[in-house]
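Across the two complexes that follow, chain A remains constant while its partner is chain B and subsequently chain C.
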Partner chain A sequence: MSKTNIDEINRNIYDIKNKDEYDFKIKKGLTPEIIEEISKQKNDPDWMREFRLKALEVYNKLELPTWGPDLSELNMDEIATYVKPKSKLNDSWDDVPEDIKNTFDKLGIPEAEKTSLAGVGAQYDSEVVYHSIKEDLIKQGVIYTDMETAVREYPDLVKEHFMKCVPVYDHKFVALHGAVWSGGSFVYVPKGVKVDIPLQSYFRLNSPESGQFEHTLIIVDEGASLHFIEGCSAPKYNKVNLHAGCVELYVKDNSYLRYSTIENWSKNMLNLNTKKAIVGKNAQVDWVSGSFGSKISMLYPMSILNGEGAKTEFTGISFAGKGQNLDNGFKVVHNNINTSSVVNAKSISKNGGKCTYRSLVRINENAKNSKSSVSCESLMLDDFSISDTIPVNDIRTDEVEFSHEAKIGKIGDKTIFYLMSRGLSEEDAKAMIVRGFAYPISKELPVEYAVEMNNLINLELEGAIG
Partner chain B sequence: MQNLLEIKDLYVNAGEKEILKGINLKINKGEIHVIMGPNGSGKTTTANAILNNPSYKKSKGSIIFDKEDITNLKTDEIARKGIFMSFQLPEEIPGVSVTNFLKYAKNKITNKPVKIFEFKDEVKKYMDELKMNPKNMDRSLNVGFSGGEKKKNEILQMLVLNPKLAILDETDSGLDVDAIKTVSKGIEMFKNEENSVLIITHNTKILHSLKPDYVHVLIDGKIVKTGDASLAKEIEENGYESYK
Partner chain C sequence: MEKLKLNETPVRTSRNFNINNTKLDINFPEKITPFQNLKILNYSNKNYITEKIDKYNLVYGLNKILENQVKENSNKNIKIEIDSKINKDIVLDFEFNNENKTLIDNIEIIANENTKATVIIKYCTECDLEYYHNGIIRALAKENSNLNIIIVNFLNQKSNNFLSIENKCENNANLKYTIIDFGGKNSITNYFSDLTGNSSNNRLDTIYLGKENQFFDLNYIGELRGQKSNINIEVQGALKDESKKHFKGTIDFKKGCKKATGNENEACMLLSDKAKSLALPMLLCSEEEVEGNHSTSSGKVGEKELFYIMSRGFDKNSAIKLLVRANFNKILENIKNEELLEQIVNEINKRLD
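Moving on to the complex of A and B:
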């Protein structure tokens, strides 16, 4: 798929609102009774029901973060945490109900599945409505399924890993996630198996005043490799929606995982997501992240480099427009010798939007001969947008190479004049500068997502001039 | 001779300061004009005013291009009418390759799809002539380019975009003798009976290899003398002192 014409955008695709139809919508709020009811609806095994109730207790004990964006508008009494769509899990798009299928069609998911993906998961509100994986991967022992099926069919594998990488007491919204999680994908790649074509899960939240809490658990066994892509979007409503997903990645010795995200939540969404990877000996996890949507985002993927020679790269971009406060970043812990981390983070803010890059680099005493290099760059498109960088560097040994670079810039009138003198309109000129700025990130994405990212940039810039 | 550009009694301010104080200039198709003048005389302002840079305000006068009043058109509209300007200090655009930029600009100027293979051949031909490193095609526009590479890149853009009027603002400044020859060659390649070139310069080096039809001397925002190529020679010898 060589969609290179960046003009062919339809801004409506992300905003299509289907009727709020569902099989079951839990009443708003958060009580043990509500958790019991979700668990019943989901046919949880006992251990999972107990897990949820314990997580709720933890949630009630923990405080909201005392730093970062103001979350006071979030009122859990106004959020329905479980919305079961009018669809069972299907393995054929033909069986997915018409309006839900149409939504995914317009988002290009079935098309991408045909041309460039080895497997697809599609979640609508709280449940996965479609899941598929190529036959040859099944033969090689690769598991790619919705999380509920995994709980049922691979209980040992799930119990051993579920919320062990991200424990429920990490922070309040992880505890919330543990209590109400629903949907998400489970991937297991057996030892030595290289999955050459990406798998993709797409998360769509349609229901107003609700939350999405999908759980993604990926285990890449020794010497294996995988590229996993997640996409997410929602139509815009007046009241707050909440996303508190959780991603746990186990990247075992000598294996490789690339985890790409294109996030375009609507601008009434609070995106309080948690992602973490545990990386084994000579293994590598690469994060590629494009963050465009949400009213507030607090997202700091984390790599824990436990194995000798473990590596991680983070490549991410945030784009904040009017009314958006995107507090994103990256965390890495170097926990062994010869580990390395590379961070390339960019942000764009316009129309009063705020982007903060918040990060932690911790190099422990035992991580001698490790390297870390961090570069963050921000671009502000006007005088009233905000950009901030809050890095924490906690280096506990001298025998390391560490560098940190931060740059903040604006689009100059001279640059715009130069491009306009070549026939570009003011909007074209700004879009070209922004696309160029984002290029080091977009080039890391598969081509069709790079195109989507450029489309999103154009969408964000439309009407921004004047 | 058919007229291409006519500037009538143009007054221009940069900020509070009046820079151009009644410029009159006529350029016909097929001609090469030179505006010479000391620093601060309004040469670059003239170029920017023709392209209606919003940082320069016109208080009086008009600019007619190809029988059309372009005085208040937007810069990109003027560019699409067929005026090109080579910048004294070309801007750097990280993340946008020279190829992609040229393709995009060509598409905007011609309003036609660019045929990739023909386009690449054409660009390659020009780059050979301008002795440009073919690797520059994939580099970000002007990022990390030397002064000479930037100027050649401007000439490359001129050749690719093929305007009716090319304004070259101090294209020769900061270049060594060889680079000036190469740039002159690019201008010769561009020049024909249907288009025109306006060279803005404060020295005369580039005029050794290009033969202008008219030379205008700009002092303190006014054209104080117009002559043929011999005027440039005279200024080379005597400077601007006698015109001040």
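Moving on to the complex of A and C:
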């Protein structure tokens, strides 16, 4: 009897390589001189140049993590941390160089912009090459721009928030990010403004043996709301590429932010990304995350519930195929009364891939009457893949309701039998089970991304029950 | 005083989560004299007890220094070999007192094929002095054996309790542990079961009950290797005052353990706003055809349940006692020895007063 065969993700679109053309590529390695040169190229103000140099000092002092996937193949002497594409920042796709525009066309970005987005940012290697926002949002005072423009034009706002939510000493790769960051998006939604249609930033890394270090800073002011979507991909090369981005979210009192990510980096990418949100009184941040790409991923978005009644939800799925080690999860710290968190994490391991769910729920002494509910499920699709669940639950007060549950297993023969007894073929039954497994995540995505995700989990079925 | 790093988890996670290990200042005993206050009940020639322990190295254990202390300086070695089906409980009753302040015990229990036995190991203290206990218990459950081990820790709250447990289960062996963990200023336990046998089965039920500044660190590891092997870990606890508990539970499905199942459930009742519960329930899986589940929960006693019981005429403390007892009851049913059960219930009541 043969077994269900679930295809790995079809990467044809994502693997399109453009010629490695650039305006400037910094030499490989990580020295104060290289940092100075990046700063010069980016025309940084003095405070930012000094910030970068201090971050490099912190990077040199911190150790690599003593846990998680093996990062020994990462050699910063072999990575170029800044690649300036052959394009300035444009507000019309017509002005973007043909090969770069073609790449984003194939990824469907301009089309999505026309139909379902209120603003788009597109980054190619280390710089944003296209940025747009709908006129009516500008009139309401919404700012959506690339990070460099924000540093120049909104220095006070940036200085007040930049790497304050994620300080450079958090871990080694945050310090690296602080030293070499380039590109990314800045969003400010003023008090009371509801942005009904999502904004999206897409990050594309084309250059081999390089890194992408975009910085996303979003401030949703009191009573405002926003849905922000982040996408990322890269073609595959033989040597490792590095992504060490940083996302800082400030969700002020009574506001709402949904942050959705479809991560589809190539399988030579080390994705060592950091995302954190500080959530105010009665505010809410929801994370929706689909993680499909990367050779190694270490990604644990974090919500810090500082305000009374603050809420967070995390809904995420990871799909690890051959050669992939996806160590993902979520962290939440409850710091005030009546706060709540809900976590729903799923993973699928196939063809020797490894998925790890790693998490922290901490309910501090002052977070009385808080609630937290965590659920994680793992599906193993063969007997040489690996799936681990490593959650830490740190409860420091009594007036809480906390529960955590996890399960691990294969597609049940009984479930297949049941569906087949209702007239479905075995293939259709298995397809339905896997799609059903992923449904709680895909239903949280905008419809076009849900379709993309379903395409990513493409089923190819054959034979009888395995 | 020496600072030791104890009870490392099989897989590390972020250092900031403070759970990969436990660091403790330990006062090692200066002089180790023979431990005299041990009563052994209900053994016969068929199930002989000797002081000769085979050489071994623990796979996990609490810490190498503590392991070596037992191997080189134990003051009580006991080897129990079960050769038949025994109906009466074999009891090892260790009681610390002024003359016996230090116990470093090395216990080996072998249940031969087709045998059945219950072994009760009890540690208690006569008076309120500072005692030191460091022990190793190793159990081998051979084919078709049925071994039931009950460990009771009634040490006082000035003492240190260090215990490393290591088990191996062969085909169709059934190994059951019940751990009643009440005593010790620090009570640190490492438990490892290697389920190599097909259809082998290990059940571990633990109750802990902390008060004042007590600290419990429980590191339970089950590795499933045999086909259709099964492990069930059930931990029920309650924490009063400023007591603290770390629970680390790992169920590891190794390649080849087809159709194995593993379940762990840890529930902690917080009876004070200063009590702290830290838990890391891990599932590690390298095999497809398995079923693994874990769940943990923490919280205070339910207001509705309290109100219901109090409306029947109970005061608040009695109502809390009842609810804690209700949570513990399923595990207490494992204790068939009535005298021991009564002692445990009395101890629960005393600790909850």
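Everything that follows uses one rule, which is that the second predicted complex is superposed on the first by the 426 of 466 C-alpha atoms of A that agree within 3 Å, B and C clash if a C-alpha of one lies under 4 Å from a C-alpha of the other, contacts with A are read in each partner's own complex, and residues count from 1 in each chain.
Definition applied: a contact is a pair of C-beta atoms (placed from the backbone, for glycine too) under 8 Å apart; a residue touches a chain by one contact, two chains touch by 3 or more.
Bear in mind that the values here come from a model prediction, so they are computed numbers and not experimental data.
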item	value
Dominant contact partner of chain A by residue count, chain C or chain B	C
Partner chain(s) touched by A:391 [first = chain B, second = chain C, both, neither]	second
Which superposed partner A:428 touches (first chain B, second chain C, both, neither)	first
Touching partner for A:420 - first (chain B), second (chain C), both, neither	first
Touched partner set for A:94, first chain B, second chain C, both or neither	neither
First (chain B), second (chain C), both or neither touched by A:440	first
Intersection of the chain A residues that touch chain B with those that touch chain C	none
Touching residues (chain side chain A, partner chain C) in the complex	65-68, 358, 360, 365, 368, 378, 380-410
Chain B-facing residues of chain A, complex	412-415, 417-426, 428-429, 432-433, 435-440
Complex contact set, residues of chain B against chain A	48, 51, 53-55, 74-76, 78-80, 84-85, 87, 90-91, 93-96, 101, 104-105, 108-109, 140, 157, 161
Chain A-touching residues of chain C, taken from the complex the two chains share	11-15, 17-20, 253, 255, 258, 268, 270-300
